[in-house]
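Think of it as A, B, C, D, E and F in the order they're written, each chain with its own count starting at 1.
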Amino acid sequence: MQQDIVAQGLELMLYGMGTVVVFLALLVIATTAMSSFVGRYFPEPQTPAVMGNKPASTGAAPNDELVAAITAAVHQHRGRKQ
Amino acid sequence: MLIIGLMLLFLAIRKGFEPLLLVPIGFGGILANIPGSGMAYSALENAVQGADPAFLLELARVLGVAAAENGKELLVAYAASDAVTHVAAQQLALDAGFSNGMLYSFYSVAIASGIAPLVIFMGVGAMTDFGPLLANPKTLFLGAAAQFGIFATILGAVGLTSVGVMDFSITDAAAIGIIGGADGPTAIYVASMLAPDLLGAIAVAAYSYMALVPMIQPPIMRALTTLEERQIEMVQLRPVSKREKIVFPLVLLILVAMLLPDAAPLLGMFCFGNLMKECGVVDRLSDTAQNALINITTIFLGLSVGSKLVADKFLDVNTLGILGLGIVAFGVGTASGVIIAKLMNRFGSTPINPLIGSAGVSAVPMAARVSNKVGLEANPHNFLLMHAMGPNVAGVIGSAVAAGVMISLVGG
Amino acid sequence: MLIIGLMLLFLAIRKGFEPLLLVPIGFGGILANIPGSGMAYSALENAVQGADPAFLLELARVLGVAAAENGKELLVAYAASDAVTHVAAQQLALDAGFSNGMLYSFYSVAIASGIAPLVIFMGVGAMTDFGPLLANPKTLFLGAAAQFGIFATILGAVGLTSVGVMDFSITDAAAIGIIGGADGPTAIYVASMLAPDLLGAIAVAAYSYMALVPMIQPPIMRALTTLEERQIEMVQLRPVSKREKIVFPLVLLILVAMLLPDAAPLLGMFCFGNLMKECGVVDRLSDTAQNALINITTIFLGLSVGSKLVADKFLDVNTLGILGLGIVAFGVGTASGVIIAKLMNRFGSTPINPLIGSAGVSAVPMAARVSNKVGLEANPHNFLLMHAMGPNVAGVIGSAVAAGVMISLVGG
Amino acid sequence: MQQDIVAQGLELMLYGMGTVVVFLALLVIATTAMSSFVGRYFPEPQTPAVMGNKPASTGAAPNDELVAAITAAVHQHRGRKQ
Amino acid sequence: MLIIGLMLLFLAIRKGFEPLLLVPIGFGGILANIPGSGMAYSALENAVQGADPAFLLELARVLGVAAAENGKELLVAYAASDAVTHVAAQQLALDAGFSNGMLYSFYSVAIASGIAPLVIFMGVGAMTDFGPLLANPKTLFLGAAAQFGIFATILGAVGLTSVGVMDFSITDAAAIGIIGGADGPTAIYVASMLAPDLLGAIAVAAYSYMALVPMIQPPIMRALTTLEERQIEMVQLRPVSKREKIVFPLVLLILVAMLLPDAAPLLGMFCFGNLMKECGVVDRLSDTAQNALINITTIFLGLSVGSKLVADKFLDVNTLGILGLGIVAFGVGTASGVIIAKLMNRFGSTPINPLIGSAGVSAVPMAARVSNKVGLEANPHNFLLMHAMGPNVAGVIGSAVAAGVMISLVGG
Amino acid sequence: MQQDIVAQGLELMLYGMGTVVVFLALLVIATTAMSSFVGRYFPEPQTPAVMGNKPASTGAAPNDELVAAITAAVHQHRGRKQ
């Protein structure tokens, strides 16, 4: 039984690590393909890849009456649809 | 245990160890260990501990066993009894005026159901920017490599068991290994499915070591790299279009759906959160997912995890084993990430600074910061942060995949 | 189904179709259809699909039927068995280590309980301004007229059934009709009570057509009105006092309590939300009801609705029937609203622009905007938006009333 | 049975539409009565009937330190009572 | 009852009586009393009221009693039957298509589980500043003294019972007494455990009298103090360090853990909230606890409490008794606080203005404001607010302790 | 029985009030000890004991772009760790 569990552990390691590598390899391929596809057929004014969560920040701190009013209107507008 | 709870609070508040989780966990641990309050127990356990003879007699009748002074025997009989009996016994305790402890209720709703870690993962997804990863998809391999820490640790756990030092089942071993994923919700999700008894220790180890990343990783990184390697400057990342960012979570989701259904809950919610963030048309939902909702869930998740820090489970040689193996997991994961990065640099076309390999363990964004910091030591003009964010978020995906594999292999 | 889920996401993100609901619904639809993940199934269903012979044998014993290789037979036997057996079988699956899928849990808590639509309705109430309605109560008739779309559709559904094209029960027909209410939470609430199997299709139809209002309504509006009618300018609305706004939800509630108890949950929560907004002394509750709470509920409601988009239910001729009947419902509702507005204008004292009649279908506030836009085409100085808001919110009340009637007549 | 369901549908339509109309008619009466009652006995400095959700907007975007402080105080005050 | 609900709304909106609670409570009371909607009843109760003969027959079979026309008899039989039967009967009603009323569901989740009051208490803790208390710990005695109102009221309740005017059990008496704690969540928590039937009346009394504090207290305060005493100026409070504030909730928690486990849920969550606020490293959790989370919980808690305002329980001489005893509780509590403050001033070293004694009943922060106001009448330059905040928050701890004692003595 | 319940009430009163007083007395002692201990061994730049909930207020009203950005960053940072 002790040997048995080691065997299980080895199997889990080989099979598990294998799956992780294969899965992420496929993801690399899929992502590359997707990017080139999107880049070719749906080009777009590019935005730099920066960390930072615009929606969150604007969501967190509307910085003047105008935005406040808009926010309220939008909420109302969207809320209604719900 | 009270001491341990206070120690966790001290580490969280004074030393800044992942306070968002360790404050609720530590406090929950204290509450769970208040003798006589039964906050971490079910109505039935509380009723049995109440030990009212009349109730015990009635319970024995329901369980169809001989009357027993000792409540423990009855709980054993309960565990052994069949479905209908379970329901009857539970209802009996409720009718007798006993109720589930607060922490027990939190645990059932938040963790036993598996929902809280998934909701938090959704929120994390809504806070994740895949831009750097999309700009350089090859870094996904670093996220894969670093997961070796998980599986090496499993081997360590079964090894210790086979030589009789510890006593872990294969499911325990898998749950311990996931500490190496350096990803809180993933670790809690896996532990709740594979080894609920070890959940407390595993969560504490995972979050503590994530906080210790700035101490654990640098020596390993320096040991495995030459100064020249650490000085490598990487090419500026290409800009990534909004549309790529919107499509990516769907690509990932479809891949998961086709290949790894057991990872679907974790990665599905992660992709959902990320899609809400990137699609730009549901900002009010995205904001809520990364603020009110994730905070509320974190409070109850933390208290629930704390409810598992009960003496008889936690004060145990196995806990030491878990803590020991956990740090091994981090170390091995870091090393594998760095080594693969070295190879990719050696044999690849574009230069890769091996230091970003260590970020593959995830521990977002701390590990990426560490890569940046160690890089700056070697070359004050070399900013690796953005380059390290790729493997960093890749590590999150990698450990979620590993979680799915283990659940499908040894789970339920 | 995966294709359908992706299509919903495309419509929501690219075309802006009610993204707040269709993004979670579409994503939930994808998650629900991941083979092998069982996220949309109960513990028992998952256990049966697991098809472990030992479990199936035990289950057969509990159900008191002959052992069966085929799990389907057992589920049939389960459905036919009595209450205690249900409990036992469920507990058996849980004890066997199977758990309810995430989406199944969300659905049970959010929709089967009826709570999520009601909480959202509370939030909508907290975002609704009854000012324009109070300034011109007669517009309530337009909100009533537009509900004719609901009942015409019911007739259509039973008609199609009687000629054998479709196969709907009377409860199905009622649930399909409510699509004409052009009100999401009401449609989901009614469908969850009268026709849970059709919930997915009905919700998708309701939200899609609400998004299509700017395309569906204008032709009908132009066809039914003369240029002179469309040019009619309406008298400026009188100002409405705060006190009227505070008392109105209570008046509505009392009327519901006396006449239509089955509409009380929906309209009760709607009035509660509106009272919280107008009373001015519980702003912190009102703000939460229309932000954090409604957003959290929307996320889980959407995912839960998506969990009903499973192939065997959705890929079905009946779904086509639902989509077809739904658009009829919108058209008929729009037409009835406009026609009644024409009559009120012809025979009433004050001039009424018939274009505001179409707003009676609700679809707040889109339908009111459409009235305004079509009005401006005919008369660039004629702003109907405020005048159209009256019938618009009246339509919300109207469809909630219709929902109550149908639940009391054909429900439970 | 087929005829039966059509009959049910017709009944549902007549009874349902009837209820909707009657209910909203009563609501028109009740509302008008209420408005005139309130207007007569509880007059008030009138506010124009505008769309827009003041509480929400102010709740969503306190626009300066003062408001912030007040908000905090109010929260504290109310919270205590809960 | 509808009238009572409207009256509560009037008091809340027009008179500003604790609107955050009384608006939801009043509205919930109206919803609960809508005939035929069954929003406050369980699926079984609704099924029995539905009175479908076939169902009643089946239910009678399950309960193993003779068929009964009258559903009431069956409910009695249900109450008397054993655990398994309970489950079976409940499942039977669900299978028959009946569902729990919305308010019943809210009550089960929010109050029967005891969770909502605890979550609110956590939020209150996150809004409480123990600074003034730490600057002058002796004021804790005033918080203790004021709790005498609780126990005097209990004596009153049992007295009225023994002379046959009212009919309260000892648990009822204890639950009524807690009104004197002048602390909403504590009152609801205790009432839900000791006297669920009286919950509605007790909660209404507690919140109403908290709103009346500015009317109830001043006369008593003036009657028991001399002008000289009211003019006493107190020494400026010493500054309190952040660290003291962080450690205090832990000190309190440990004391509770050692001496009074039955008060652990209430005071534990209170300390948890306060620690989150003071530790300064989990502000996002603290903010959520005192905003989104407490608001959401308050909405559902209020509606749930309102669901207990059903005629047959509420329109009852006992309710009058509760209202009467409640005001006695407030009066006695105020008086004891002031008297002890007088003694402490007379025999203590530092001068204490007796007016701060009345703040010991809690009713934070209103009672402290009253002390300040009455003090300013006597001495326009004497600001007692900060000094009164000490006993004020001490009163919260005091009543939570009293709650723990009563639960351990007469509960479960 | 009537006397019985009065007896119970009296017992509850005496035992209960006693516990409250004793508990809070111990809390006075513990608090005083704690304060002097902290004051002696962990002194700190003192902050005045004022009502008011800084975290809440700042959390409730970030008052400019800068704070907004910081907030977003912090959220992201913390969120990730969760």
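Simple rule for what comes next: a contact is a pair of C-beta atoms (placed from the backbone, for glycine too) under 8 Å apart; a residue touches a chain by one contact, two chains touch by 3 or more.
All figures in this text were calculated on a predicted structure; none of them were measured in a lab.
Student: Could you tell me the least number of steps, going only between chains that touch, from chain C to chain D?
Tutor: Graph distance in the chain contact network comes out at 1.
Student: Please state, in steps, how far chain E lies from chain A along the shortest route of touching chains.
Tutor: 2
Student: Are the two sides of the chain B and chain C contact the same residues or different ones, given that same means over half of the numbers occur on both copies?
Tutor: Different: when the shared numbers are divided by all numbers used, the fraction is under half.
Student: With chain centres set to the mean of the C-alpha atoms, which chain is at the far end from chain D?
Tutor: B
Student: Could you pull out the chain whose C-alpha mean position is farthest off from that of chain F?
Tutor: Relative to chain F, the chain with the farthest C-alpha centre is C.
Student: Roughly how far is chain B from chain E, going centre to centre by Cα mean, in whole Å?
Tutor: Roughly 38 Å separates the two chain centres.
Student: Report the inter-chain centroid distance for chain B and chain D in whole angstrom, where each centroid is the mean of the CA atoms.
Tutor: The mean C-alpha positions of chain B and chain D differ by 45 Å.
Student: For chain A and chain B, let me know how many angstrom lie between their CA-based centres, rounded off.
Tutor: 19
Student: Between chain D and chain E, what is the gap in Å from one C-alpha centre to the other?
Tutor: 30
Student: Quick check on chain F: which residues sit in contact with 2+ other chains?
Tutor: 51-53, 56, 58, 60, 63, 75-76, 78, in rising order.
Student: Where does chain B touch two or more other chains at once, residue-wise?
Tutor: Within chain B, the residues that touch at least two other chains are 20, 84, 87, 127, 280, 284, 287, 290-292, 298, 365.
Student: Under the stated contact criterion, what part of chain A meets chain B in this complex?
Tutor: 2-3, 5-6, 8-13, 15-17, 19-21, 23-28, 30-32, 34-35, 38-39, 42-44, 46-53, 55-56, 58-60, 75, 78
Student: Note which residues of chain B are touching chain A in the complex, please.
Tutor: Contact set of chain B toward chain A: 127, 129, 131-135, 137-138, 140-141, 143-144, 147-148, 150-152, 154-155, 157-159, 161-162, 164, 169-170, 173-174, 237-244, 247-248, 251-252, 255, 259-260, 277, 280, 283-284, 286-287, 290-291, 365, 386, 389, 394, 397-398, 401-402, 405-406, 409-410.
Student: Within their complex, state which residues of chain C touch chain B.
Tutor: 2, 6, 9, 12-13, 16, 19-20, 23-24, 27, 30-31, 33-37, 39, 62, 84, 87-92, 94-95, 97-100, 102, 105, 291-292, 295-296, 298-299, 303
Student: So in the complex, the part of chain E that touches chain B is made up of which residues?
Tutor: Result: residues 82-84, 86-87, 113-115, 118, 246, 250, 253-254, 256-257, 261-262, 264-265, 268-269, 271-272, 275-276, 279-282, 284-285, 287-289, 292-293, 412 of chain E touch chain B.
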